[in-house]
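Consider the two complexes below, in which chain A is the common component and chain B and chain C are the respective partners.
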Partner chain A sequence: MEDFTSTAAGTDRIRLARVLGPSHVWALGVGIVLVGEYMGWNFSVGKGGMIAGLMACWVAGLLYTCVAMIDSEVTSTVAAAGGQYAQAKHIVGPLMAFNVGLFLVMAYTMLEAANAITVGFLLDTVAGMQGQAGLNQQPFIVLSIMFLAWLNYRGVLATLTFNLVITAIAFIAIIALFVSVQFGASAVPLDFSAITSDPLPYGWVGIIASLHFGLWYYLGIEGTCQAAEEVRSPARSLPYGTMAGIMTLLIAATMTWYICSGLMPWEYLGQAGTPLFDAARVTGNTGLMVLLFVGTAFATLASANGCINDASRAWFSMSRDRYLPSWFGAVHPVYRTPYRAIVFLVPIALIFALGAPLDQVVTFSILSGLLGYTFMTFNMVMFRNKWPLGKIKRGYVHPFHPLPTIVLLVLCSTAYLAVFLGYGTQLSAMMCFYIVASLWFHFRRYKFVRRGDQFTMPWPKPEGY
Partner chain B sequence: MAYEPPKQSFAGQIFDVITLLVLTIGALYIPLYLGLAGAAKVPNPIANPTWEALGQNATEQQQWAALGVTDAAAANDMITARFDYSFSWSALIVMAVLVIGYFVMVVRLSDREYREVIEERFGTKRR
Partner chain C sequence: MWNLLEYAAWVLSALFGVLMVADLIRIDMTYDSELLISSREGEIEATAERHEL
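Up next is the complex of A and B:
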């Protein structure tokens, strides 16, 4: 494998290592997202009731299927570190790329913080069950983030292999709970009477509102393409890993809703910190409790691990292009990882994990993700218009264009409304942040960017330019 | 001729990072500190609560007990809490303008920058 490559400026620099296969891509995507089954999704039940939670699960699943289809085509063609960031750079322009990079960093860093909060909450819950209530969660939050950052610092292959193992265990734990309860392992029976007695406590507006946290079931699946530059065969591995990931998550999400809604009153479920672990508690089966404790811990760690990987790649890519200070664009000479970006993002994750409530952190992560999905809609249209089919070689061509794009845009618009219902202030604050950051980039930062270097794909000139 | 960007000083790099950090942290913490964040549920507790009065059947009572809540009074707030989804149309319009305006601004400014990139990479468009 080639260790060095020539930059546009003529100097040599170390490349990221191409060591990942389709299973790693699956593990990266599902590993980040599977935690969405273990916590956070259930707030959708709180926002709309039991049926609304299920509808949010499936509607969000449709949204993410569109995301996976679109992303697979563009990513298999623009196979560069940074994923959607590199896509935006080649298809829309530098300012959009800067924004997409920020979406990714914010979404993943907030998700990482949410994971660390959940680790602390889980340990506090277990300590309380053992009669040691009032556990100080902060050391565990700090330890989780620091350990995973160290793992990422040491190398991507070890990191994602670790993810593959713990993600598989967390996924098996959900299936084991589902099967065990079906075969009567629970001391308390499943009860879905709320579906008939209290079907829509907020009416139809509750269904829209619940879509807000319904996104949490799948948020981050698009992270599969962050490691595009480290995948051995991007055109094959990225679509395969991403589509396999979304199918895995659709199954896991539906099973999770079924078990949790059947084992817990919706009023409790709607505010629970660790719903699957709580479901295991309700069964009264010690083996299931231990398994779901391990599953929750592994899911949160796998997710945080993948988030550090993805956020640091986005930060690294932006720095390498001078959208951010170039000092962060360094690759470790031994471990071949973007080590400065990894280390820099640690205190940011800690600030949010230690100082903000879980639902706020989750909402900020969701909003950044949602902005990214909105970008994908017009990015896809521009991609097909600037390079029509046949003009460049695509690793994968998604069917029914532009139907997935239209569906995605409609669902994104609905999701904005869902966030607005109850979290409108955060939405406005977030938009103000991105507007100010965009103006800052365009009028101050862009002068440090080399123009021609922003287009590195071996493609012909885009149509219309 | 290719555009040659100025070299940024180390102090300038630190300034830029701090700017972004302040913006990021401010976006989350300002609404929190101003008490404007979140959609806290408002409990509407009933007087003399019983499981039946709270609409919980026998199985649900078992579930509450398994979760460590054996007293209906302890679950009163949780069961009766509801979100308030009333909103003003003007706030909704402001949000829509912010989101749409943001994307329009970013795409337009991006296109201006993109034309410079394409011009430098491929040369000027033939007329």
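Up next is the complex of A and C:
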């Protein structure tokens, strides 16, 4: 029984294992996101040209810096599995919490499915290069999901240590490509003449449209706070890991845009499947090609791995409060993981990975994430109003409040417009889904919620109550 | 070679799935359900941090 914790009342309880440090938080956040540097971001160049792609990179970077700052402050105080779900529960209310929990589960499960599809696509590309066209991608898609789910099932320390190693390799691969090209390892020189000859091929609206895919550079960094209940020192590790993560991504995103835009014409780059790998192929350097292929594969696996971790924590956390059936709120007595939530989400990820087109899956993930960021804006305002500085202990206090919140809200609104321009039908369908889910929760599920038990933070009464 | 890799991927996928489901059933049959869902949010914070200045 050494794996259990005895409470003051003398009863045995099983809790998630507190074994993680700041490096694991970094690996979780950057691991989920770094795949966005290897693919997806480049569609922003296709929407508006090279300059639009760079502006999307930096505007989205500003958006996510605000997300990271806001998230670091709140999550260093509300240190519980479920991340933004637990924040919403304590700061806004149950209906918001239910929706935020769903945003998280859908965003991460869709992203996991998208990553698995990409693994299949990558292997198909390699098989095609070896003369084996028409590879059956399905077994590799299924294997990537099953293996990573099994790894997550067996324990969070091994899972995120694995993520740390493969994410670091994928990040080093981008730096190696950048440095190699700078020092003349490429057979093709960098060429940025399109910036002056064809600066904005679709005008200013192209910049707004490109923002949709600019989010892909950083989408998921907020996932760091799902580890809150498993880090040894949440007040220190979460802000440190998250802020280090966003800095890593800003560097990686800018390097990626620079190398890819310099080596490939924007018309090709705007529709490429694997832009960094393609850039390595353009250099004509076999070593770089192998390194960037490995980087692409590792970034994809790291992202899927982190997504399984985060989606299962959100599902587990909602179930523990009975927002969902409590059966899913179980912790494995040996591995100390939310094992039922992990297993339950596997077939859902498989259905989307095997049955839905990649762009639809990605768009659903982006939209769910965007709804989550919008929630963060008024969540932050309510948090500071209800518990002003000095009232409760915070692990991190973000500067310039409420400026990051306002910037985040403005950028979220612009991103909605960008998504609406390209995927208006999906945006409307997804809003309908969340409205129906909210009605179900309000009329059918809320009666099962542990209304008193769900508020666990030992805070004083909020201002005005 | 790729045909063999496809078969190997199917076999490994099934293996990981069976390992997870078998362990899930074993744990559910070995341990009391109330114990398995006994985790509570915030217990550590309640004892280690007071959230007061």
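Simple rule for what comes next: the second predicted complex is superposed on the first by the 453 of 465 C-alpha atoms of A that agree within 3 Å, B and C clash if a C-alpha of one lies under 4 Å from a C-alpha of the other, contacts with A are read in each partner's own complex, and residues count from 1 in each chain.
Basically, contacts are C-beta pairs under 8 Å (C-beta built on N, C-alpha and C of every residue); 3 or more make two chains touch, one makes a residue touch a chain.
None of these values were measured; they are calculated from a predicted model.
With chain A as the common reference for superposition, the partners chain B and chain C occupy compatible, non-clashing space.
Of the two partner chains placed around the shared chain by superposition, chain B and chain C are both touched by A:Trp327.
Once the two structures are overlaid on chain A, chain A sits at the apex of an angle of 110° toward chain B and chain C, using CA centres and rounding to a multiple of 10.
Judged by the touch definition given at the top, the superposed model places A:Arg281 against chain B, while chain C stays out of reach.
In the superposition on chain A, A:Gln132 makes contact with chain C only, while chain B stays out of contact range. In the superposed model, B is the one of chain B and chain C that contacts more residues of chain A.
Within the superposed three-chain model, A:Ile435 lies in touch with chain B and out of touch with chain C [touch as defined at top]. Contacts of A:Leu143 after superposition: chain C is touched, whereas chain B is not reached.
Once the two complexes are overlaid on the shared chain, A:Asp310 sits clear of chain B and of chain C alike. Shared-chain residue A:Glu37: touches no atom of chain B or chain C.
With the two structures overlaid on their shared chain A, chain B and chain C come no closer than 13 Å at the level of C-alpha atoms. Across the superposed pair, chain B and chain C both touch chain A at residues 326-327, 454.
Chain contact summary for the complex, chain A toward chain B: residues 46-47, 88, 92-97, 99, 106, 187-189, 191, 193-194, 197-198, 201-202, 205-206, 209, 263-265, 267-268, 271, 278, 281-284, 322, 324-327, 348, 351-352, 355-357, 359-361, 364, 374-375, 378, 416-417, 420-438, 440, 442, 444-452, 454-455, 461-462, 465. The touching residues of chain B, when paired with chain A in their complex, are 2-6, 8, 10, 13-14, 16-17, 19-21, 23-32, 36-39, 41, 55-57, 59-60, 62-64, 66-67, 69, 75, 78-79, 81-83, 85, 87, 91-92, 94-96, 98-99, 101-103, 105-107, 109-122, 125. Residues of chain A that touch chain C in their complex: 4-5, 7, 11-16, 18, 77, 79-82, 86, 127, 130, 132, 135-136, 139-140, 142-143, 146-147, 149-150, 153, 229, 235, 317, 320-321, 326-327, 329-334, 339-340, 342-343, 346, 390-393, 453-454, 456-460. Contacts from chain C toward chain A in the complex involve residues 1-2, 6-7, 9-10, 12-13, 16-17, 19-21, 23-24, 27, 31, 33, 35-46, 49-53.
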